[in-house]
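Below: a set of structures, written as structure tokens.
One chain, chain A, links the two complexes that follow: it is found with chain B in the first and with chain C in the second.
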Partner chain A sequence: MRGDAFSMRVFRPASPAEAVRLFAQNPDALPLAGGTDLMVGWNSGRLNGRAVLDLSRLEEWRRIEVTDEGARIGALATHSEIESHPVLLKRLPLLAEACATVGAVQIRNRGTLGGNVANASPAGDSFPALAVYEAFVHTVSKEGRRSLPILEVFAGVKRTALRPGELIERIDVPFLPQPPARQFFRKVGSRLAQTISKAVGAGLLWLGRGGVVLGCRIAFGSVAPTVRRLRSVEECLHSGRLTPETIEKACAALSSDISPIDDVRSTRLYRMAVSRNLLRAFLTGRA
Partner chain B sequence: MPAVGTNVIRKEGAEKLCGRAKFIDDLSFPDCLHGVTLRSTIPFGRIKKVSFDPSFPWDECTVATARDIPGKNAVQHIETDQPLLVGERVMHPMEPILLVAHPSRQKAYEALRHITVDYEEYDPVLTPEDSVALKAVLRAPDNLFKDVRIDKGDIAAGFAAADIVVEGEYRVPHQEQAYIEPNGMAAWLEPDGTLVAKGSMQCPYYVHKALMLLFNLPAEKVRVIQAVTGGAFGGKEDYPSVIGGHAALLAWKSRRPVKIIYDRPEDMASTSKRHPAVVRHRTGLTRDGRLLAQDIDVLFDGGAYSTMSPVVLSRGAIHASGAYACPNVRIRARAAATNSVPNGAYRGFGVPQTLFAAELHMDRIAEALRMDPAELRRRNLLREGSSTATGQVLRHSVGAADALDACLRRSRYAQKRKACAAWNKRSRNPTWRGTGLSFAYHGAGFTGGGEVFYASKAGLALDADGGVRVLAASTEMGQGEATVFAQIAADALGVPYGWVETETPDTSKVPNSGPTVASRTTMIVGRLVERAARQLKAELEEAAGKVPKSRPAWLKAVRRFLDGRPSREVICQYERPPGQQWDEKTYRGDAYGSFAYAAVVVDLEVDKLTYEVKVTRVTTAFELGRAIHPLFAEGQIIGGLTQGLGYALTENPVYKRGVMVNPHFTDYVIPTSMDAPPMDVVLLEKPYEHGAFGAKGIGELPNDTPAPAVAAALRQATGRWFTELPILPEKICKALHDDKL
Partner chain C sequence: MTINFEVNGARRIFEGDPFKRLIDVLREDFALTGTKEGCGEGECGACTVLLDGRPVNSCLIPICQADGHRIETVENLGIPERLSALQKAFLEEGGAQCGICTPGMLLAAAAHLKAGGKADDLSIRRALGGNLCRCTGYQHIVKAVQKAAKAPRKPRRKKA
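On to the complex of A and B.
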């Protein structure tokens, strides 16, 4: 353990207002939500000398509220709370399922949805689900409040569009107006627990009379610097019928939506092949 | 009631379960400093200059370099080619250059960032192929740590008579031991000048010998104590001599206790691993599948220094022909030097490498002959009276055929192969399925004349308070040594298990029973304990009549026997079993006292969308002589099989310029409990007369078996041969898409 506790300054705000004020005064401070990612950096000694803004006392950011329109998930709600929430399980099953695949039980008990988003890993397991549900990230800073579509939060690998002094207070996930005909979530990792995605996908599909595609939202993670909605694929499918030809066209369009790479965890070829397989299986109804 | 053969309670179990067991980093020492290591960042070169940032408060630190070593700057392994600290020449990345100690661990790490090293870099040799081609001379004259040749019969005549010849090349990577507790050691000087080292280790007397050489001290001025050890698997065989030497040097210089504890990335990147290997087979057979000639070439990547490479290679070479009787065998095995972190011991010790090749090659032969892989093995399996590649004639306790038959029956191998073939014909099924078989044998104890040379001692003490203590330097590291020794001593002495304890290894208290390696602890050292206990029993009976059953009568008898002495120690020394012969020069003779045998059947399926492999069941049968503690034996087998599955499927050490670049559990993927499939373990007993209560060593055998069975099952599932480990989903994807993407 190379983290040096004595080199750290820790702020422990008791209220959101105090958190915002302290963060404005110390914009270099690292917000601490669940700490599951922060501890990795702490262990390596990379964070020595840094200030930490510990959000653990902000009870109001821990709540999950359900309205007629959707769920308002406090930034500090844990993956465990989300995966076992009865309404979320029913109305936002892809998000609940995604949260259930994060790390292992201990990680899910501590890791938070807000922390997951703020950390902006390309492999964030909850992001494809948040992307297809078209979630909004609500932030607060000294300048006031903002609401950003989930896809606009991510600026690159481990980079967000959050401004200095800006904190995520909650994530709003709207319920779907119509139940989808098909939906899928799949995380492809390297083992059954404690694994980082090599590819992770979520999809929603609405079909009308005669199998015409009324709507379609598909997103993949770990295959580009940030989570990607498959806009070209969705466009191929829209308003048409799911014939083998359209499906193949959509699968071919995938390569313009994602840009996987070779790295220590996997290969470009594998990520591309698996994403295409998952997409094809979803569209042919075999996922 | 006898203890041997029953599942008695683990001696140190409660301490570990309740969190009371103290690992080395749990112990505090007065005025202790924390030591850290400055390591090389290049694979090969020369240090031109080391500069210390003048703005850093160096007066708070102790800095030790090679010049501070009072004895020889060399780590005593088999050879002494590895320096404790770099003098001038850097032979591999992560090589220790100097040491810093500070009262605060974090400050010590910070100090490292204020030291700059200037190098002159040379072109490194990074593969064993480049090494044997002498791209650069790392070790004169031929870059080899060891060159083994085994010749049996007439290889040319064997090939001349063959109906069919099958060739193959197989590759295996490094493997990390992944013990839970990283390497850690503390050292201090006693007022009388005794140098003490305490920490996580397998072999206290290895560290003892290493410290004597480094500090030029006599044996009695060095004391080494094992702390509770959180797993080792071979990874704490050679390295504790390095980290122990480092802690001792800082303690020597600062005159204060010093503790060095590695974190995971440092441990994984800088300590020894399983040797990568390339193995080539050329095999001649008759049409009906009788082996006539085996020509095998083995090349290991030793890394920069010899560490355990000569003996790892030797064991790998002897096992390279598989558990089969072939009249004509030629094996050439070499371990070559490269500018990479030295490789060393990992459970299996060279055998998982060569058996992966031998066993997968058997499947390729079976396919070439259109023969069932199980039948091919059965026709060639070692039996009583068979001779091995070194000409060892197997006379007793040869349970190979029993293990194969039991495993085939229990796993329903034949039916499963058919069911998988039928499943794979239906294209709408979401997976491809396969069932694969492999067979392995593993010699227990040191290779060849090792046990005779080492002449280990172990025994027990009977104390005035009626306590019986087993005395051995063999270490408890999770495998159950403390419990098993107590079982053996209790039964041989004729007292209840609860009356016997096993002494914590401490070189000032226990005799040198040798290192805790080579599947030798139960079979070889256990036998010494058994002999000592039988001798003590005879002495006791002579003085006090029959060994009493009740505690008060026991105490009375002990008092009468000791007759005022504080205790009676009985120590026995290893003796070569009659008839065992070995010639180290020609590699002919009895390579091991005995072999244990195992067959394994792996069932798996491959997801057609993601190429993920799910092992659905592992069935195995082990012939192990005698199971002293059946539950521990089963635990050893299940644990080893799981490590073997990791080797086969997920553990991918990525090396760049001689060093592992994924030295953490996030990206070096070992199986979790979720990934471990159901395992069905059958134990078979054919007692070995020279092992404790008939036991043979089985610590390592489980690691030898899974990888070839997995590859065989994947052949059935995917129609592809995977001859290089690990078989990642990426590799399966590429093999299946080669023409499409």
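On to the complex of A and C.
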């Protein structure tokens, strides 16, 4: 089967208000942003006969606004726009770096941050960065607006907490109160371009006098049904020094934070080992 | 639905299903068969065209999303009698064999060079990372792009 254009109904709202109204009237419609996920499904014939709510005319949702507190990234901002945004590069480098690793240039020129989040793939590459920056996803529907912490958006593999008729309008990413002593983003895949992560991680570390860990936020993707903050690891590290013993304890704690699986791209064992290596490299200052 | 857009510098109107893919509109309605379909899932880049100057996969774009935008296909790069420096370099360096990937490679490379992209090996390979080639082994393609980067720029036709 292939996509059958004749079978599709397409709505093209010109404003967010119209989009919300149309979505309330047609809750089965599929929102369409850059189409880099949706059109792959459509081309295979799986979405024939559906209604589509094309968001691409909503210029308001394409903007990236910078305030004193952080960045307000419109749901329709593309990975290309984020990876090349001068302020995001400086203040939210892990997110800019993550977006730069998505697909290849053709995908990044179309694929949006809102679509990445709404698609909720376990391998969504922007999620670990959004998790360590503690981003909020802002939604709108006929019922009103909601602001969800990024980790509460994901309900499972390809499932979100979005309600029928609800759209992501933007993603707010707060700037860090203090610059971290160390930070890292790493994506591990089988090649540089166009690769779905076997493991993807982001981390921030604040150190005080004498190397005491004042704070740390680490998150991994592709190693559980949804992106994971490494709470047990973070707890192990807090208030201590980064001695070899603490680091090994933290690496051991990793197995209670993530639950990788065997699939076509990799194995549970490989993902566990590579995650532990990424964590160790970060904590020992080699990443 | 009526779609108004620009194709290779000319105003165009498409009347038909808004969810027809851009690649199919270009090939079937406008007879621009330079744009090829490989995978139909965003992986191979054979269907690459420029949308407002940026490379995109035309197999992933329903025509409604081209409304009001500017599309360039490989046909706009040059004609056999007057090839662009990039096209010449592909011929001279053996950057094209079966030719299926070539239109996409040319457009992705042209966009990279036009945007002031660097001509070192890694930068070119990154810019072409979304374009698969089953014939050349890539080496000759990278060389061709490097050669074109050094060629003096010809003054381009003014666009309408």
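Please note the rule applied: the second predicted complex is superposed on the first by the 286 of 287 C-alpha atoms of A that agree within 3 Å, B and C clash if a C-alpha of one lies under 4 Å from a C-alpha of the other, contacts with A are read in each partner's own complex, and residues count from 1 in each chain.
To be clear about the criterion, contacts are C-beta pairs under 8 Å (C-beta built on N, C-alpha and C of every residue); 3 or more make two chains touch, one makes a residue touch a chain.
Being a predicted model, the structure only gives us computed values, none of them experimental.
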| item | value |
| --- | --- |
| First (chain B), second (chain C), both or neither touched by A:M39 | second |
| Which of chain B and chain C A:V157 touches, first, second, both or neither | neither |
| Chain B versus chain C as contact partner of A:T267, first or second or both or neither | first |
| Touched partner set for A:L278, first chain B, second chain C, both or neither | first |
| Touched partner set for A:G3, first chain B, second chain C, both or neither | both |
| Chain B versus chain C as contact partner of A:Q106, first or second or both or neither | second |
| Partner chain in contact with A:V52 - chain B first, chain C second, else both or neither | second |
| Chain B versus chain C as contact partner of A:A193, first or second or both or neither | both |
| Contact breadth on chain A, by residue count: chain C or chain B | B |
| Interface residues of chain A shared between complexes with chain B and chain C | 3, 6, 43-44, 104, 192-194 |
| In the complex, chain A residues that touch chain B | 1-4, 6-7, 43-45, 48, 104, 186, 188, 190-196, 199, 264-267, 269-270, 272-274, 277-278, 281, 286-287 |
| Interface residues, chain C side, partner chain A - complex | 1, 16-21, 24, 40-43, 45, 48, 51, 54-57, 59-62, 64-65, 67, 108, 125-127, 129-131 |
| Chain C partner contacts - residues on chain A that touch it in the complex | 3, 5-6, 8, 10, 12, 32, 35-36, 39-40, 42-44, 52, 54, 56, 80, 103-107, 109-110, 192-194 |
| Touch list for chain B against partner chain A, complex | 104-107, 109-110, 263, 265, 430, 608-612, 650, 654, 661-662, 665-667, 669, 671-675, 729-730, 733-734, 737, 741 |
